[in-house]
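Working notes for the structure below.
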């Protein structure tokens, strides 16, 4: 996210605007936990994980009167536009803030799950994907040396995006994810047996956190119980967050951050940025209410074909 | 490239075809340096850099009679289609082989320069980009600690693609590349002085190998001579090649490898694969003769805005 | 381990001996699952994690008659010495094999736990340490951004070596490990409160797998129950195994592999190699029965001082 | 170095002392470019490359009257002890400052060359070693795929320490370094031919920056001229500096930083810290005038044996 913050600050400076950084998300907006952010404050943050502005959940922001306070805080300070970096929750709040109180808002997609409607990419996804793939490359060394079955859980509460891309990139033998068809457990068992018969002694199965069968631990227990399989479960968890961002995430963070400011400067608002058909695109904030995208079916099918 | 090789072999196996691996590129086609490649031979190659089939230059292949021999070798062995992974030289040869001798050919873009006509992506580009960015992150530590100017040369003989994307992703102060306007040296000097006046003591300038001003060494000499600047030159060189491929390169290598085989199996040929508007696409082999794409101008402009 | 395998094979070749690789550890010795290993078979394995010879548990080898079979297999094939890479279980078996049947054995310490008696280092420890530290650096990004408490479990069934070194290297706020004093839970709680009062909002506690308080999950449950703390648990697990070995692990693997062969060639046996006072040293195989070393107390104390 | 800075500040705080950070090395001591450094200023610096205090050359400090000024500055501010992190130049200056003006000094070895007398380790060496090895792993991918000879220059003006350890860890075919015998060029040529005859098509030769034969570029030119070899030269250069420090460097930086403060607090001074026989040790500052250590001969010999 720091790439986007840096781009917002410096593009604004180039257009003659001052930027204030709001710490701890919407909570900071309520608490006036903010300060001017000069361009120098963005030196050497591009390569750092996390966010220099910190973040926090703010359930209060769901209350209309709290949003009214936030709008009043912004007005009192003379802040003319708000750039929100976050996922669908953050965007819904921004949409309400603009609709109810006329605060000009721009959204930059920042979630490792890549599950926002309308955009093919969100900040952090490419980094999290590479981190998961590197971790599984290490696990593969052990799986191969020991001839073992591993279930590896990756993030993605309600989205299989990260799981399917990770599985394809690390050469997993199978992938389980929320949007996959109901018979995925039987399919998994059949594939593991087929691999075994083919002489493949080690297998890695990627499981999305929010898979319908339950977590990797649950799937592992079921496989042990039903088929007596000797297996190991690894939960990647928070390792996938953080870390120095990948080149792509830095490039898109920079492009979106600069574009958000240019558009606000030009009087546009009520949008979020995205990648559509490979190009930078504007989407109306209200589109965040659309259903979230599913991972392409041909990719998950490819996982099976390529691990034979 | 190993991701594409693995995908070709395993998709072919799934369709009931046998795959032969040709070592050392077209030279191996002339020398019959080939062998059957079972699916097991592709175990654990997805995460490795380089190519298990090796590669070599083969100037002889420019001669029509040598191409005729190659076609005859393929026919004699009963090989029904050829998947070529490489850059524009390799694709021109494939185009000639198909046009002259009817060998069904499919191309998979494999060059870290990302300079093939028609496609937004080539295999190895994302990996090389991340490698260059990581290297420059390290150099940034020294540049900041010592308050120094660094010129860093990245690959890309006639293309600034890698240079511009690297510069944006590593927060470089400037970028020089072949397709940039003639006044780039004066622009560079002006920007370095402006940064100095703004209190910025360390700067990193990314220089494309094939920049019109000459290599990073030449630009460095000129800056030293004209302005007495104390600077360091780093040539990233072959460090950008090799290394475990990024997730994106693995995913596209897998997708293209599988698609190439499916299309050949369906009787199509004379194409190469690419990414167009974010999606997998087929391009006619003859399109490789088109002019190579230039890096987007807005990205190189952004480098300047964001390093203020 | 591949560094040691490569060194054994190539040093043996330099001394005029042939090397056979035994797959799947002692099980392979019983099954004659072995083959000659030429120096070319060791090309490009130095940088790979895991082991090209695979590994397996072999409980049968605890039976004297099975060891007799193994010795007979070696004799029948004319194998004159055995290099065993592994931990204390593997060394005990080697010790018995030599004592009972006169098979000349040499041991190379290969366990990521660094818990073998007599040696300051085992292969894999430095790699696992760096892997754990990199993973926790990522978690730190999230801990800082969100102001959260994380419990991170690292490997080390009965040894705190990995936990204490990891904690010091990643700047953890506290470390729990098997050999630490009984009051460690109270100490932990006191330290977390002290940090909180000092304004430190994020904390990372490293927990050794075999800590007396139970796993990180158990400690986390207790902290939640007793103090209502909002925390996250991450189990690094098998991510710490595998991965391209660190420079130090490659260097010591190379040195030990070569030395083992030279000593066997000179007629010595019944030893394992180690690092003592920073230098390469020979230790009698029987020393593996000594108690395992504890992590230096001053290091774990330093964790507390430096996280203030 | 940040690990050592953090340890100095926090250990001093634990002992009730205040720490001031001096920016830009001895130049900052002359310019009073210093400020109090609270423990909070050391948050999240452990994992960063470079140094938060910046660094600079200061040739003036060789003049006795400038050193007198520096001592006066320290006295005037009430600073009671100086911790110097650096190489032999920095330590010589500290030695003079203490001898001439009674300023209590403590040295922490900080140079990636690992060429300080008396100590087996300096901060940055393990990190630079791993960085060089990772870079050469990438080059190896290309060398293998293309069957090529690479000369790779690593840092080390007058010391082969980094070159020899790098060569062993990356499985280089040969290494050239300043302290090696005069006939190293002939030995190199002989070895390259022997490898070629043995069927080894790709070779990597590590060359120390300060090798007697000249730089890697010079050696490459000579090999091309004398033997018509087709080869590539890569100069790793400043890539080896910077980057997130390895676990070992963080641990030793932490240990040395804390120990330096404890000793100064106990009234000791005029020493530098080191690793002797694997343990933390104190050395008299004057020992820095001793000749620098040579890389162990058995390691460079091993490079040859293991690359057969």
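Read from first to last, the chains carry the letters A, B, C and D; within each, the first residue is number 1.
FYI, a residue touches a chain if its C-beta (ideal position, glycine included) is under 8 Å from a C-beta of that chain, and two chains touch if they have at least 3 such contacts.
Bear in mind the structure is a predicted one, so any value in this text is a computation, not a measurement.
Between the CA-based centres of subunit A and subunit C the separation comes to 35 Å, rounded to the whole angstrom.
Here the CA centre of subunit B is 40 Å from the CA centre of subunit C.
Subunit A and subunit B have CA centres that are 28 Å apart. Looking at subunit B, residues 137, 140, 144 sit in touch with two or more other chains. Chain-to-chain contact here is organised cyclically: the chains close a single ring, every chain touching exactly two others. Applying the touch definition to all chain combinations yields A-B, A-C, B-D, C-D. If you check the complex, the residues on subunit A that touch subunit B are 6-7, 10-11, 13-14, 39-40, 43-44, 46-47, 120, 126, 129-130, 133-134, 137, 140, 144, 165-166, 168-171, 199, 244, 246-248, 250-251, 254-255, 258, 275-279, 299, 302, 305-308. Of all the residues in subunit A, the ones that touch subunit C in their complex are 48-51, 54-56, 131, 135, 137-142, 144-147, 150, 232, 234-243.
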